[in-house]
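Once you've had a glance at the structure underneath, I'll fire off some questions.
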Amino acid sequence: MIKLAKNFVVGTWSLIKGLAVTIKYFFRPTVTLQYPTEKQPMSECYRGLVGLRPEKCIVCYQCVKICPTACLAITHKQEDKKKTLETFKYNMELCCFCGLCQQVCPTSAIIMTNIYEISVYDRKKLDINLLDMKKYDEWTNTTIK
Amino acid sequence: MLSILDIIWVLVIGIIVLGFIAVSAMFLIWWERKVSAHIQSRYGPMRVGWHGVLQSVADAVKLLLKENIVPAGADKLVWWLAPFIVVVPSVMAFVVIPFGKNLIVKDLNVGALYLMALSSVCVIGIFMAGWGSNNKYSLIGGMRSAAQIISYEIPLILSMIIVSMQASSLSMQKIVAAQAGYWNILHPNMALAFIVYIISATAEVNRVPFDIPEAESELVAGFHTEYSGMKFAMFFIGEYTNLFIISAIAATLFFGGWQGPVLPGAVWFLIKTYGIVFVLMWVRWTFPRLRVDQLMGFAWKVLTPVSFFNLAVTGWLLLK
Amino acid sequence: MRPDEISAAIRAKFPQVKEEAGTNYIIVPKESILEVSEYIKNPPLSFDNLHCITGIDRKEKIEVIYTLYSIGEHYGVTIKINLTSEDLNIASVSAIWKSANWLEREVYDLFGVIFSGHPDLRRILNPYDWQGYPLRKDYSNPQLIAKPRL
Amino acid sequence: MDATQTKDIYTEEFLINMGPQHPSTHGVLSLELTLDGETIVECTPHIGYLHRSMEKIAENRTYTQFIPFTDRLDYVASMNNNLGYVMVVEKLLKLEISERAKYIRVIIAELNRIASHLIAIGTFAQDLGAFATPLFYCFREREKIVEIFDQLCGNRLTYNYMRIGGVLTDFSRDIEEKIKKFIKYMRPKVDDYDWLLTYNAIFLARSKHIGVLSKEMAVNYSITGPNLRASGVKWDLRKDEPYLAYDKFEFDVPVGKNGDAWDRYKVRIEEIRQSLRIIEQAIEALPQGDVAVKVGRIHKPSPSETYFRTENPRGELGFYIVSDDSVYPYRLKIRSPSFSNLAVLPELVRGLKVADIVCVLGSFDILMGEIDR
Amino acid sequence: MVVIEKIPGAELIRKVPGGGFFLTTSESFLKWGKASSLWPMTFGLACCAIEMIATGAPRFDIDRFGAGVFRASPRQCDVMVVAGTICVKMNDCIRRLYAQMPEPKYVIALGNCAISGGIFYYDTYSVTKGTESLGIKVDVFIPGCPPRPENLLFGLMKLQEKIRREKDAAR
């Protein structure tokens, strides 16, 4: 009987403690980031979309070799020893944002931008030529009503 | 003989009650989302209207537009009727709820008995939903609900009887009047009755920690797994109206109903009711759910004996 | 006990058991897997924990590798069984270690090694009506597109 | 069918399919339950709905290229997977890494262990019906860890932080401060969980003496990690076969008494406390030096076979690598802890109620990404 | 405009002065309701599911957009967030779930795996190459591996915008 009463008291007390925790947080300020109006700054090493500085690229194919998902594809022109980029295909659908290409690039021609708002209606938009980086503008200046 | 005036009067009252139910259910849904959000350190609906007040309106509009799927193999009639049977008793319960001194649709002299009777009808709807859906999860949910609500009916009714004994009337207005100046909750035996009442009432409306008929983590959505669109919305409305009703009954039976100083009766009544609703929400967003056998055990082994004991004590106190 | 001591202890008991050169892996002929298992499960060796079973397709043969540990004694042993591609039958050890049940099913699913005496030898990861054994080197499937290599 | 048949009334068992899409199967597990009323007669798990053939992929990726894939293995504890994988490759290459890298790895692994256990606790509470609140509290705390990782390596979930021969980036002052702040922040939160869940009467009623896993059974089924320790076996690779710098830190190995669902939960709560202790010690004693040994990105180990296992939040994660003389592994076997942990489920739930199966499943903290690989 | 047109008497209303305006307003009102209350399905496949829960969690709080009601039953959902790798064994299940959802229904492909197979595109025998290869029309693609919660919220807002611009409120 005493044990039963003790159990009852301990049990009820534990329930009250639980209620205390929730009501405590009810009156605390929220931790929410109000996304479209507030945005948190991305860290320097944030791995967003892959970007390219075409002038720095020496067409060494290191990035293509290291990419685990084969999302990069390069073609180049050979003009007496000097290679110039022809296309630099980046297939966002396959990219795993691992950052290996950036780390392997000897001239830091490949950079990981901090663009992260990249939703699209059309899948074709995800396969792009990085020599034409203007396409990213659509995502960098995203504002939503 | 019903005169034309009476019919108009009934219609007006009906529209007012229905309007109140719709607004109240929507408000409660929004409020629950806000309360739960703030308990969880977030905001909840924010983007439609001021702090998302119109969220429930948007939900309602969307649910209206939804396709109404009838599962193949469903017991059509039963399946169609179920949501109505869940909603109608909760609407009917508004008849005897005293919002103020004269703000009552009809002060039946068997008001409390009427409420007890209505609270049992809801289970039939839920069970029909579970059976008619031709879905095993729904069936388990319906079965659980039937077992649960029937079990919790007994302590619920016993604790309501205690109040009626005190006021020596079943009329809701008389019960309120009996509490003038001294609320029932302040008597120790009434406080016990209140605790028993609020626990069983929570079980009656299938809320955490007694939400086993829905039991999202076990039964997907329980008895309304197969319902979509407006039918699902009706279950939702029924649930929140029931929540309002049980809180209103609790306020009437134990907290002096519409009585209170300065402010008008209806305001007091709503303050008390929504206070109890808030407590129920607070409980809901804190506790885990009980298991089905523990739930039954709790009803039969704890609540029922306690209420009988309480009944005996109250009877003795009254006869003393 | 050090790995070489364990290996020596087992070899002393079962002469047909060999040791892989350079490592302390134990090569057990497939006929004697059950008796060896029975022996090492119980004291004195008490390998109570069958940690992992895996297969390797060496093209001409399939190796089945059992990794065992002893929780109480803090040591481990690796047992290897060589199966020729013609005869992929092997006795199941799921009666001795319960954990072998799913692990053997997985090896069956991916390599096609048939564990006789297994209580429930079905595919586990792939759909039940799957054709072929994916982790074999010669497996091909129209779904499988090889990554372009430079 | 076992039916008690009388003249015109009889009962029969019925089948119910739980999953692959079910709120409490932690992903895409499918359980085929045979029920007698609410009592479970038989439970057959069907797995493989997330079988992504990691092992086949590994045969066509270089050793460095496979690191991002390990992130997706146990996606709640990516750092620990990274760690397990690079450790085995380092063992294969016989590579010794710097002291600082070891300490950083320990800190990171323990932080991720906390994050993983938080999800385990949250989802367990969710399965028991504490709708959303404990889960969201856990995610709120986890978010702090994720923010640290985000700043450290630039991604929120798939970190790709460990490298063969070290780690990707060094700790900055800022990150050290943040980790210290996090320890201070986290300690009272764990007490909150004790208040909210651990000793809650309903929680206790639901999880005590449910799914009791005995010591012998746990070892026989090769259960590892917190689930094994909950059964009373004091076995933790960090203590028993110390790798990295774990032998330099003081910490306890929490063990349970009964091996029931509550014990498994409680061990995790205690492990969060111990991990905080380890991080605190490690961040105080963080040595100076390089964080990565200079090795190329293409590795060509000599033909050999290596097995190594690390203590993951869910148990012992092992990698068995067979190398040949190419830059790709010949075969890579992932010994995932949850796979073995789940195998015991059918035996544990027999005779329990439907509500208990989610409780037992939740307490095992399985993760389909790792089971199916 | 179509749902209103279906109502008997819509033509009559149009003839009344201001009736056209009324119809347009109610049409946009319906779209507003639909867009502001997108209930997702509790349907996590793989890694992205964790980020989906994180989006629902306090820090990002998808409920601010009215999309926080994660319903476990497909009958009560509006949007299916395909969060993670789709494997061959899962194909039929996803198709069935999609079929079980009531109209109007929307699909968000969250993460590269759900778009195309992503990181698991090559060298794998058991991964389906994206949601679209199952014959399910995807409304919004959210690339990332996994996408940040902000990106999911951004995608959700894009979906809301799409709904508001729809021709047919009843779809």
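Think of it as A, B, C, D and E in the order they're written, each chain with its own count starting at 1.
As a working rule, a residue touches a chain if its C-beta (ideal position, glycine included) is under 8 Å from a C-beta of that chain, and two chains touch if they have at least 3 such contacts.
Quick caveat, the model's predicted, so the values are computed rather than measured.
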Query - Closest chain to the centre of mass proxy, which here is the mean CA position - result: D
Report task. Identify the chain pair with more contacting C-beta pairs: C-E or A-B. Result -> A-B
Query raised in the report: Where centres are the averaged C-alpha coordinates, which chain has the largest centre distance to chain B?
Result: C
Query - Taking each chain's C-alpha mean as its centre, the one farthest from chain E - result: C
**Report entry** Cα-centroid distance, chain A relative to chain C, in whole angstrom
**Finding:** 41
Report summary line: Between chain D and chain E, the Cα-mean centres are separated in Å by 31
**Report entry** Whole-Å separation of chain centres (CA-atom averages), chain A against chain D
**Finding:** 24
**Report entry** Interface hub residues of chain E, defined as touching at least two other chains
**Finding:** 57-59, 61, 64, 72, 89, 119, 121-127, 145, 148
Report task. At least two other chains touched by the same residue of chain B: list those residues. Result -> 37, 39-43, 46, 216, 220, 285-287
**Report entry** Two or more partner chains touched - positions in chain D
**Finding:** 22-23, 48, 51, 53, 56, 60-61, 68-69, 133, 136-137, 140, 143, 158, 196-197, 200, 202, 372
Report summary line: Given the complex, residues on chain D that touch chain C span 47-48, 51, 53, 55-56, 60-61, 217, 219-222, 233, 235, 240-241, 304-305, 307, 309, 316, 318, 320, 322, 330-331, 333, 335, 339-340, 342-344, 372-373
Query raised in the report: Quick one: in the complex, what on chain D touches chain B?
Result: 14, 16, 22-24, 38, 125-133, 136-137, 140, 196-197, 200, 202-203, 205-206, 353-356, 358
Report summary line: As the complex stands, chain C meets chain D at residues 23, 25, 48-52, 54, 56-57, 65, 67, 71, 74, 78, 97-99, 101-103, 106, 110, 123-127, 134-135, 144, 146-147
Query raised in the report: Any idea which chain E residues touch chain D in the complex?
Result: 41-47, 49-51, 53-54, 56-59, 72, 74, 84-85, 87, 89-90, 93, 97, 119-120, 122-127, 145-146, 148-149
Report task. Flag every residue of chain B that touches chain A in the complex, lowest number first. Result -> 35, 37-43, 46, 282-283, 285-287
